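The letters A, B, C, D, E and F name the chains in turn, as written, and every chain counts its residues from 1.
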C-alpha cells in the first residue's frame, strides 16, 4: 500500500551532452522522466510513500526505467507491462538566447494501449490518501483517458484527494479538446496546479493585473484568478500557480502562489542559474502534495514547494534529487549556496 | 546522377558504451545505420558514386542523419522528407559468451509511409548502372514493398543491374510471407547475396555438405547451392554467400564465396577479434558491387569483398570506413596489422 | 520477508577507466560491490527474493549504495545505518601479462562496528529459507564475527539452510586465525563453496591429482577432496568448487564442480575473454543457491551456476546482470555469442 | 556552381575539455574552423549555396575536415589537396576573469604553398554572386596573398560582390604591413566588416565618441567612422561593425552596426552567457552576406546578422549551427529562451 | 633546499562529474588537494621554490599524488611514506541555490600517525625562509599537532617566517579546543590569514562595522579587527583577511584585506562566475607569501594575492594553475577576459 | 647530476579514442612521447636516475610535456626552451586485421633548430654513466645531428657508455643517408639495439636462418648477426635484438635477444593481447640499460628487458609505467595475470 499514487507516462529522455546541438551529437545522456513519475520520485525523495502507476513494454529498456524508479524509492509493483514500446523524448539544452528544444517520439507507446480491465483498483488504492495526474496523461489517447477516468472515479469513491497539474501541451491536442476534457476532469479534483497562461488558454480565465514578467508578483491578481477557478470547479480546495520568468535559457526567475480558503500566499522569488529546468513544475507538485499531506500551513506549503522546485533547476535530469531537509535548509539559508563541509 | 542507388531504411542506432548492459547505461553512443545506407556508404568510401534513397521525417534528428551520410560522401539529394519518425535500434555489445542484443523500435517510421507518387524515378535513375536493396526493405510495410517494386521495375526497364541481399529478419515477417515476396523479387535480380541458413529458411534450398562450423569451406557444397538458386531464379548471374562462424561474441571467423558462370570462388578465411560486427554483411555487398562494377575477376571480387567486410568488423558503427586502397592493402598483407607510420 | 538473506560488507569500488594504471588516472568509474551483496544481486536478477544485511554509514555515498541495490531488486529494508564510513576498494584492471591490482581501504568501515544488539533476527529471518555468508565477513572484526555467529545460530534454529563461500583473503587475517574460525563456522554450514587452493591453505586438505592448470578436470580428484571435507564437516550436504585457470589477465578458463550425495558433477569448461572477472565467484554462489532452492538436479545446478558465473566475466562491475533466461540460453547455445535481434 | 565562394585557411582546432587549462588536459575536443570556412558553414546553414576554397594536405586528418564541411552542407569540390600539413590551433576556454588562450600552430600549412596555377577560376566562379575573404588570409604568406589577389581580380571581372572581414591578427604580421596590404585589398571590396579598434589600428581612422564599453551605442559615432572609410575606399557600398563588450570571459555584450547609403543601423544589443565565442564574427559575416544577397533591408540585415552571431555564442565549435528560421525566431522572441516543445 | 616549506595533509579528492549529485554519479573526477599542499603548488606556479612536507602511505595512490605535486613543480623529496591510508574527500559541486557538499573520509590517514622522530628538521629547513601551516593540520591528531609544534619551534630557531591560515573546521574539533591550540600556535606566528567569521568564532574578536554581505568593504572595521589581533598576538607583523560574499553557489564576490604596520589595504573586489572555489583561500595564501617574500608593497601584495585567488575560482581542482604573469595580467586588465591569441 | 642521459625529440601524441578511425573522431586522447623520452621515463620508473635532454618551445603545451616528464620522475632541468613548435604525431589504434596508423607532423619542431652552442655539456654530463640516443634523432635535421655528434663525442671523452637504438624510419631519410650516418654513429657506440629487418635494411647484414615469423627463435642465427655487426663496429660490447611477430594488430608475439662476449641469450617469448604497443621497443632499451648498469648477468638482463617491454604493451601511451618489482614479478609468474589483492 502506498500513501500517494500517481498515473502517467514515463519516457526515456535522450539528451545531447553539455550544450551540443542535435547536429553535433554522437551520443546522448539518458535518463527517464515524465510528469507524474517525476512527482512520485520527488515525493519519495522527501520520504513519502509514493507509487507510480503506468504501463511499460516488456523489454530491457523498460526494465532499466523500473530500476531507476526503484533506486529513487518509488513503489513500482503496480506497473503494468506490455504493449509495443517506451515513449522517447530527445532534448537539446539551450543556453543564453538559444532555447532548449524537445523532440517527442511517444506515439504508440505502451500507455496509449492501457485498458481499464488491466487496472486492479482495489490493490492500487489500498491505503492511498492522494492521487495525482496531469493534463498530459489526459491527452495521450482515448484509452489512457478512460483509464484516467476510472482511476479518478475510484479515488473519489474512496475519499482519496485528487490533484491535477493542468500541463497543457499543444502538440498533443487542440485547445478545444483540452478545454472539454480538462473541464470534466478538473471538476473532479480537490487540488489544481497550473499557471496564468494555461488558465487563459484552456479555461479562458485571466489574472487581471498579473504582471508576469515584471519584478513583483501581485497576490491580488492571483487571488482573483483562483476565485474564478473556484467558481467554475466547486471541488477545488487548493489552487497553486507557478510563475516562471525566462530571462534567458540560462537564467530564470521562479515564484509560486498558493490559494486556499485561508488566502493567497506568494513564495519567495528565486533567480536561478539553470542546470536543468525540466521537471521543475513536477517538483513543485511533489513539494505541494508533501506539504499538504503533512498538514503544513499554506504559507509553509508554498515556500516548501517553491524551494523544492528551485532546487530541481540545479539538478540534471527529470527527477528531483532532494531530501526534505535540503529543501528546508534552502528556505532557511535563502540560497547563498555556501559550501557544506 | 549517381552510378549506384540503394533503397532502404536508415535508423538511429543507440548503443550502450563499451560493454555496458542496458541495465547499466546512463547514455548511448549514437550513429546512424541500416542495410542499404551502409552499402551506399561503403561504396562511397571506395570512391564510387553512390546515392541513398529513403524517406526521413522533417526534424533535426533526421537532419543529423543526412549530414552523416553527406560526410561519408553519399549523394543525399534524392531523399524524401516527411512522415512521423526515424526508426531507432538499441544495441548492447556482447563479449565472449554473452551475445550482442538488439532492440528494434522502428514501427511507424517514415519509410513505412512512402508512396509511389513521391518517387521521381527519372531523376533518381538518371545515369544509374546499379540498384541495390535488401529483404529487410521488402518486409517493412506494404507501401515500402510497393515502392520497392516500382524501383525494381524501373531499374529493369533501364537495364540497371539489380542486386539483393536476402537478409531475413524473423521479427519483421513470417517465413511464409518472406518466401512469397522474396521469390517474386529475387526473380527480378541479377545478383543475390545471402548465406546458407537463409537459403534454407526462405527457399528451402540446402547446401549439401556445407560444414558451416568446421575449419574448412567446401566450394563444392556452395557450388551446388548456387546451382539450385540459379535454377530457381533465372536472371541471377552472380550469387554470393557469406560464411560466419561465431566462436564467441568476441571472435568470429569469416569467409565469402562467389559463384558466377566462371565457377565458385572462395575467399581467404579471416579470424577476427571483433570491434563491431554490425554492418559487415553490408560492407561485403559494397565490396562486391564495387568489384563487379569495376570489372574485377570473380576471384578478385570475392577477395575484395571479403577483405572489405573483414575490415568492417574492426570499425565502430554501422558504416564501413575504408578506402579501396586499405582493402587492397589487407589482401596483400594478409592481416598482420603492422603499424603504418 | 525474504527467501534468502546474505550478510557481509558492501564497498564502494573505484576503478581506473579502461586499462589505465593508477599512475595515469584522473578519475574513477564507480560502482558498489562485495561478496554477499553480489550474491544477493545475482539472486534477485534470477527472480529470487533476496535481502542483503549489513551496516552502512548515514551519508549520501551509502544512500547511493542502497539505491544501487534497490535498482537491482534486492531487499534493503533490513540494512542498519550508522558508524563511520563505507569501505572502499580501488581497482586497476589488468591486461595480458599485467595483473589486475586491488588496493583495499576498508578499515574502520561501519560493518566493523556492528553490534549484536542491533540485529532484529526475528524480523530479518521471517520466512527465510537460506542464509549465506563468506569467509571475508568472518575476518573483518571481532564484532562482525560475533554478529555472524548470532546470525548463523539464528538460522540453524529456524532450519534455514546455511551456505558459506570460504573466500580466504590473506591481507585480512592469518592462515592460523582463518583455520580456527572457519573450522568453527563451516561446521555449522550445509553448503560450502571453495576452491582447491583454499582448502589446502585453510584446512590442509589437498585434491590428489587435481591438475589445476591442465586442460582436463579430473572429477575423481575433486570427489576425494569433497569426501575429506565432508568427513571433517558433518553438516555439509553440498560442496562446490570453482576452477579458474589464468591464461593471462585477458583470458581465463573457468569450470565448476558440485559434489552432493548423488556424486561429483563437473560443468562445461569455458574459455573466456574477460571484461571483468571480479564477482564471478559470487555469481557462481548465486547460481548455485538459486538452483538448489529451485530443486534443480546437481548436474543442472552446476551447469547453471557455471554459466551464470561465465556470464559475469562479461559484465562490468561487481554485480551480475543476468536473468535466469539468459543463463539457460548460454547453457543451450554453448556460448557462440550470435547477435540476438 | 555555387552562389557564394569564400577563400581562406581551415584549421584543426584542439580544445581542452570543459574549463581545463592546458596544464590539466589529457585530451582535446576536436573540431575544424577558420574564418572563411566558418562563413561558408554559416551560409549553408541558412540554406544558401556556399562553396569553400582552400588547400589541404592529402591525409586522413584533412579528409575528416572535408567531411565535416560536407556534413554542414558546404560545397567542397573546389578544394585543392596537397602540401605538407593542416594548420592547427590549440584552445583553452576561459571563464570569469580568466581569458581564453589560443596557441596557433599554423606555420607551413598547405594553404601557404598555394600557387596561382592551381586555381581554375572559371570553374570556381561559375555562377557565383559573392566572394568573401578576411585579412587573416592576406597575412598568411606571399603565395596566399597572390592567390587572393587573383581571386579578387577574377571576382571583380565577373561583377561578383567582394566582401572582406578586416580581422587583424598581430601575431601574423606587423601593423605597417597590414596597412599596406589591406589598403590595397579593401580598395577592391564592396563590403567591409570590421570593428572600431581595427579601423584605428590598421587605417588610423577613429570613431569619435564611440563609447565602446558604455551601455549605449552611439550610431552617430559609427556613421562618422563609416564615412571616413567610405572616403578612403570608394567601392564600399556597405560597411558593418561588430561591437563586443567583454564583461568577463563568461559574459559579453554584443551589438552590430550596418552603414549603407540608407543610413547607419544599430542592432539590438545582446548580453550573452557564453558557450563559445570563437567564430561569432564569422557568423555575423554569414548573416550579413545572406541578408544582402536576399535583398533584406539594412535594418533587417543588421538584426539578422546580429541575431545569427548572438546564437553562435551559444554553440560549441567554430561552426555556426543555426537555420535562418532559428535566427528569425530569436529576433522575434528577443531571447527569452523558453523551451521549445 | 627549498625557500618555502608547507606542512599539512594532502588528500585524494573525488568529485562527481559536472553538476551530478552523489545519487547520480557512477564515477568521480579525481585530483589531489589539501590546504598546505595547495599553497605549495600555488607558490611553485609563481616560480617560487616550494617544498611540501607530509606523510603518505606506501601505495600507488599516494605515488600518484606525489607525481601530481612533482608535475606542478613542488619539491617532494621530504615527504615521509608510511602509515595506513590516504585521506579522501568526496565533493558534489553546487549550482545556483544548491550548495556544494563535501564528505570527508580522512580518519586514520597517514599524517595522523606522524612521529616527531621521523622529522629530519635540519634537512627540511636547510636554506628555508618561510614556513606555512593551517589550523586544519593542528586539528588532525595529537601526533600531528606535536609534529607541527616541532616544526614551528624549529622554524623560529632558524628565524624562518611562520605563517598560519586559521582555517577553522568545526567537524574536526570543538571551538574550545581550537581556541586553546590556535591561541598557542598563532602566538608563534609572524603572519596570520583568516576571515572575520573565524576571528569571532575562535578568538571572540569581532570586526565592528564589517558589513560582510554589503557592497562595500570598510577598511576601518578590518583595521580594528587587525589591531585587536595584533594586541593578542605580539609576533604578528602582517594580518590578512579574505572576504567572500556568497551570492549563490554559482556567483561569489571576493575581496582581500592586508593589515601591516603601514596600514590596512583593501584589494579590488571581484564578482566571479565560479568554476571551482575550493582552494581559493590557499591560492590567496600563496599569493601573499610570494608577494611578501618578493618584497612587494602591501598594496601590491594584497592585489596580487586577491587576483591570484580570483583566478583560482576559474580553475578546476584544488590546485591553482597560474603563473605570476597571469596574475599580473589580471590586475592590469581588471578581468575583462578577452581572448588571448 | 643524472646517471643516465638520453637525447631526442619528445612529441605530443594525439590518438583517437578507443578504436575510432580518424574519420570518426571528434577528440583525441593526448599524451607525450618519443623514443629517448620514453627510455628516460622507463628508467625512472625502475628507480634509476635519468635525465632527458631536448629542446622544446616556450608555450603551455611544452610546459605540460615537461610536467608529464617530471611526474614520471625524469630530470628535466637540462631541457632547452625555444624554437617554433612541438612535434606532433596523430595515431589511430588498429584492431585485428586493421593496422594502426600514424601521421607525423613534426617538421619545424624546436629540436630541429638546436645549436651546439646551446649545449652545456659539462653540466649535462656531470656524474653521468650512460648516454642513449636513437637513429630517429640522427635523422631529424643537420643541426640535430650535429648536436648529437657533440654529445656522443662528449660522452666518449668522459668514458660514458653510449647506446643506440637503430630505429630506422623511412619517412625521415633515405636508406643511403641512414646507412652513411648510422655507420658513423654506431661506430662510436658500446651498445646497439636493433632488429633483424633494420640490420638488413641499413647495414645489409642478414641473420641467416632467422625464421622471424616462425614459432621458434634460433639463437644461432642471431649470434651470427651479432658477430657480423661486431666485426663492423669494433666498440660494440653488447648487441640486442627485439623480435616482433605480428599475428594481428590485436595480438603480437615478442621476444628479445642479447649478444655479449658471454654468448647469445634469448628471452622468454610472450604472446600479448595488445593494449598499446607504441614505445615497447623503448621500454626494452630502458630495461636493458637498467640491467647492464646494475650488473645483471646477460641472461637476467635480456629477461628483464623483455618482461619490461612485454608489460609496456599492456599500458596506454608512449610511457612505460612499471616498477622494477613489477617486471621481476612478471618474470617469476610467467604472466598468468592473477588478480593482486
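In this section, a residue touches a chain if its C-beta (ideal position, glycine included) is under 8 Å from a C-beta of that chain, and two chains touch if they have at least 3 such contacts.
Just so we're clear, the structure is a prediction, and the values are computed from it rather than from any experiment.
Centroid distances built from C-alpha atoms place C farthest away from chain D.
Of all the chains, the one whose CA centre sits at the greatest distance from that of chain E is B. On superposing C-alpha atoms, the copy chain B sits rotated by 120° relative to chain C, to the nearest 5. Chain centres here are Cα averages; for chain E and chain F they lie 43 Å apart.
Centroid to centroid, with C-alpha atoms defining each point, chain B and chain E lie 63 Å apart. Across the assembly, chain C contributes residues 21, 23, 26, 67, 72, 101 that each touch 2 or more other chains. Contacts from chain F toward chain B in the complex involve residues 18-21, 23-24, 94-102, 104, 169, 171, 246-251, 277-278. Interface residues of chain E facing chain C in the complex, by the touch rule stated above, are 14, 17, 21-23, 25-31, 59-61, 63-64, 67, 84-85, 88, 90, 92, 101, 103, 105, 107-108. Taken together, the chain E residues at the contact with chain D in this complex read 72, 270, 272-275, 307, 310-311, 313-317, 321, 326, 330, 333, 335-341.
Contact residues of chain C toward chain A in the complex are 67-68, 70-73.
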